[in-house]
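Order of writing sets the chain letters: A, B, C and D. Residues in each chain are counted from 1.
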Amino acid sequence: MQILLNKILENCRRITEKGKVATYIPALGKADPNDLGICVADMNGDLFSAGDYEKKFTIQSISKTVTLMLAIMDNGIEYVFDKIGMEPTGDAFNSIIKLEIVSPSKPLNPMINAGAIAVTSMIKGKNSLEKFHRLLNFFRKISGNENLDINEEAYLSEKATGDRNRSMAYFMRDVGIFTGDVEDILDVYFRQCSIEVNCIDIAKIGLFLANDGRIPETGEIITSEKVSRIVKTFMVTCGMYNASGQFAINVGIPAKSGVGGGIMTSIPHKMGIGVYGPALDDKGNSIGGCEMLKKLSEELDFSIF
Amino acid sequence: MQILLNKILENCRRITEKGKVATYIPALGKADPNDLGICVADMNGDLFSAGDYEKKFTIQSISKTVTLMLAIMDNGIEYVFDKIGMEPTGDAFNSIIKLEIVSPSKPLNPMINAGAIAVTSMIKGKNSLEKFHRLLNFFRKISGNENLDINEEAYLSEKATGDRNRSMAYFMRDVGIFTGDVEDILDVYFRQCSIEVNCIDIAKIGLFLANDGRIPETGEIITSEKVSRIVKTFMVTCGMYNASGQFAINVGIPAKSGVGGGIMTSIPHKMGIGVYGPALDDKGNSIGGCEMLKKLSEELDFSIF
Amino acid sequence: MQILLNKILENCRRITEKGKVATYIPALGKADPNDLGICVADMNGDLFSAGDYEKKFTIQSISKTVTLMLAIMDNGIEYVFDKIGMEPTGDAFNSIIKLEIVSPSKPLNPMINAGAIAVTSMIKGKNSLEKFHRLLNFFRKISGNENLDINEEAYLSEKATGDRNRSMAYFMRDVGIFTGDVEDILDVYFRQCSIEVNCIDIAKIGLFLANDGRIPETGEIITSEKVSRIVKTFMVTCGMYNASGQFAINVGIPAKSGVGGGIMTSIPHKMGIGVYGPALDDKGNSIGGCEMLKKLSEELDFSIF
Amino acid sequence: MQILLNKILENCRRITEKGKVATYIPALGKADPNDLGICVADMNGDLFSAGDYEKKFTIQSISKTVTLMLAIMDNGIEYVFDKIGMEPTGDAFNSIIKLEIVSPSKPLNPMINAGAIAVTSMIKGKNSLEKFHRLLNFFRKISGNENLDINEEAYLSEKATGDRNRSMAYFMRDVGIFTGDVEDILDVYFRQCSIEVNCIDIAKIGLFLANDGRIPETGEIITSEKVSRIVKTFMVTCGMYNASGQFAINVGIPAKSGVGGGIMTSIPHKMGIGVYGPALDDKGNSIGGCEMLKKLSEELDFSIF
């Protein structure tokens, strides 16, 4: 495995030149486009890594999977999916159109921004600070990394430039998808997106999902098999923005990417993989990360289909 | 297995009362809403059946999976997906909106009507008759049923009422997705939708897909593992109309439904299942069929996630 | 004229029963659905009135015409229409879809909410208070009513329930249609919508427009013929929500309605008419008001076409 | 007037270089982009012309106004507008989206292609040939030109390339906006678009509309004042594609343009104007024609607002 990872990383480093680092906030723009890292965490507790696997990056949209778990644990499956749909969408991640067209108004799924904000609004806590702390602790627990925390600069930038998300949030409050203070809800959302991780952290969260919601080392049951399956299903149908279908065909495993350059994958009952490469393709996915996962899947026949 | 099927069928018969038989063409409207049947075909060559598993019904949208295989075999993966997208969509199966909004114009995937018509246009043959015969022979081969043929009445009705499909087809020809005579292409499409099958037939096609494109009895390789995986991936991301996401979460296996009441499923390396129940839910899927598959998946832990 | 107005008012009173008072804020819901009033102000300085012409109501969307004038006077025609389109739209007054679909993003016209909010953002002033005071003074001047002021309860309700408008405003700030504090801009917008008027006030503003931007009594030139024509043109193409086309055909004169039940019309070089009837039809226009204007137009051959 | 026309034509000739001739069919592509002509027909029976006013061109979308008149005369106002809306739209002239989104499905107005095809379907006649002859005779009568006929080459090209129109027509038949053979209806539509006219012909049709539906020379009443007003209203709200609002503001008179380079205008109770200039702006309107009408309107204060 180690040799394979080294080889794949070497081969894929070149493709990063074809991608572009996200620049909508300065904290992202500073990333080195040539960075590329990977970490595989398997059920035996072994870790295999290569490249820039220890570089830190903001988790961004990958966080949507984790928040969804906690929201379901806090409210139950029925409550959550009464407010948010289960269907993939061909629209952009930040599209507001369907909120207006579909009746009754409902974000199509928890992986697009509108749905993810609605999910975040369901995290329990007496104020936004407590909500975020519960969420952060949950991230720490399932990644096994007590030191996870937010990148303050990224958080402030997200908050300063998050008008499209504000637009969605007010629209959703208008049609009754949630109540409460919009800025408070968005504050939790911007914070969750700004949590700093490295490849090891997301590989371990992927492994936790692969292990049906139990901490592999201890066997501790954090959430049910059902909940972890729901998350993995959304990762397949809508985890890779508008390249989810293509990724499912080319790689064939549950995966969630973030604009920070990370991709978290979870191969049921086998392993979790975290990759990082901030140079993105035109769909917003790590260009080097997708290539590594494709090659790895071909070598090791990962596809669940 | 036999006992389980009998029990599940018995329990699910009642729910058919909550569904409605499709009535847009008379041939569909005549179906008995209480019909319910299931057939499981496994890798050992065993068949288990219950209920109305020998009743014939028109294959309808289930045919989209088979045509896609032949179109890829005829033209190559690259050619097909240069014209048709790989992404799921939250729009209706007969929506024309995205053809206008998305640029360059491209049906989002081969499971919605627009995409399926474009796929059918790629089947090789010197005229529409030859195209359809090649297609029908392919259906016969992979189902192992030499007697498969179209329901003439259904075909003529589809042709007579297919104006929405005509609208899409002319739109696609206008934007260059295909060339050639529209009525000829639609003739093949209406014919493929009108092929009559029973639960056994579609269970066997599902098994063929589960077996990576090889005929289980003979081991004959009909198509590549890659092609059969592509089809199964589309079945997960967009096989059940706008309930694909929900079905993936509740049942967790590749499945394709048709408005005739059939659902074909394929559990990779395990089995194919064909169900029939013409009473449909509000998304257009067999209401009894979905329920049976959900219960069977819970009992036997089918989910691929 | 007086006899005609009395007769028409009497005949149209009955139709108010078919309409419904707006109820999205309590201040509107309290209106008496049977109220109906009209005032005609002509170029000779004569006023003719009938019914509940002295009842006060909030000006709501009628204010969009006046704010547009001041915004053009403050910034010039070119600046304003660089940010906001000139085209009518078949979408709802509060639709956000076109902001996402049209590229570059631009509200289609100043009469829909998105466009009107963008217009309000252009009113000059060092803070929202000064902006609103400049605007209020402009309303007072062209209506000749020094006592015009806002209905505090309506203003607070609008502010409390204005999430759809917030959603649009944040979207527009995101795509660069305006900068500045969104709540400050909306505060001016909610205030302008809450100005209390009666039929006489809006008849006089209509007359001012009919008189090409000059105060009829004094001849004082407030704005150019060009600006007043722009406003009257928008009143024809998009003044009556999604019944603008129908109204243009049936009545044929520039008119702008508000959800408070008022309709302001301006017959070029002839007269201004203000009507009030809080019972609305399904497009959001005063049902009794439209009927009165239709009958009056038929009697007096008002159509400009 | 003659001197003014000469001067304006001279000044506007240059701007034609900024436009482009339509090329979607060869018959249009052959036009000389520098051509520019104008004809004014007034109520006294006087004609003033300048430039290439005798050059023939296909009437294209201008025909929609005339067909609408005959359709209303054949079926009554109520019947026509039960099937077709009265509202302007911000969508493209060939957009199909609203047909799908709006419920019940209805083309927004008779000036967009979908609505115009529906209008054509209402022309009475026992077959498409008779329908077109009735229509052609109507064109001849109101233009006073017995020799009007179609450009055969343009007609055949329109028919050969009319797939977008076919797409709309099948969609409309699917949702019940009309019945009957789609190709027959489109044949009439393609023919009406291919009628060859010059500036004099459309100036005279414009004058006929300005004269409330009566032939000026003879006083013969062809249609009612109501019908002619309906047409003029649509010309203002949606006669100039997606520049209708802008044209209403800049020129302020009823006008209908065609992709062949013609613009027909009608100034109520004053005159009809026909202009021709095949170089189009990016909205599909004659760039030189618009400029001439703007300048003429400024000089003679045409605006109806």
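FYI, a residue touches a chain if its C-beta (ideal position, glycine included) is under 8 Å from a C-beta of that chain, and two chains touch if they have at least 3 such contacts.
Here the structure is a predicted model, which means the values were calculated and not measured.
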| item | value |
| --- | --- |
| Labels of chains that are neighbours to chain B and to chain C | A, D |
| Per Cα centroids, the chain farthest from chain D | A |
| B-D against A-B, pair bridged by the larger set of C-beta contacts | A-B |
| Centre distance in Å when chain A and chain D are each reduced to the mean of their C-alpha atoms | 54 |
| For chain A paired with chain B, centre-to-centre distance based on mean C-alpha positions, whole Å | 32 |
| Intercentroid distance (Cα basis), chain D paired with chain B, Å | 47 |
| Chain C: positions in contact with at least two other chains | 101 |
| Pairwise touch network: line, ring, star, complete, or other | ring |
| Which pairs of chains touch, using the document's own definition | A-B, A-C, B-D, C-D |
| Residues of chain A that touch chain C when the two form their complex | 95-97, 100-101, 163-164, 166-171, 173-174, 182 |
| Contacting residues of chain A [partner chain B, same complex] | 85-91, 98, 102, 108-109, 229-230, 232-234, 236-238, 242-246, 248-249, 252, 254, 268, 303-305 |
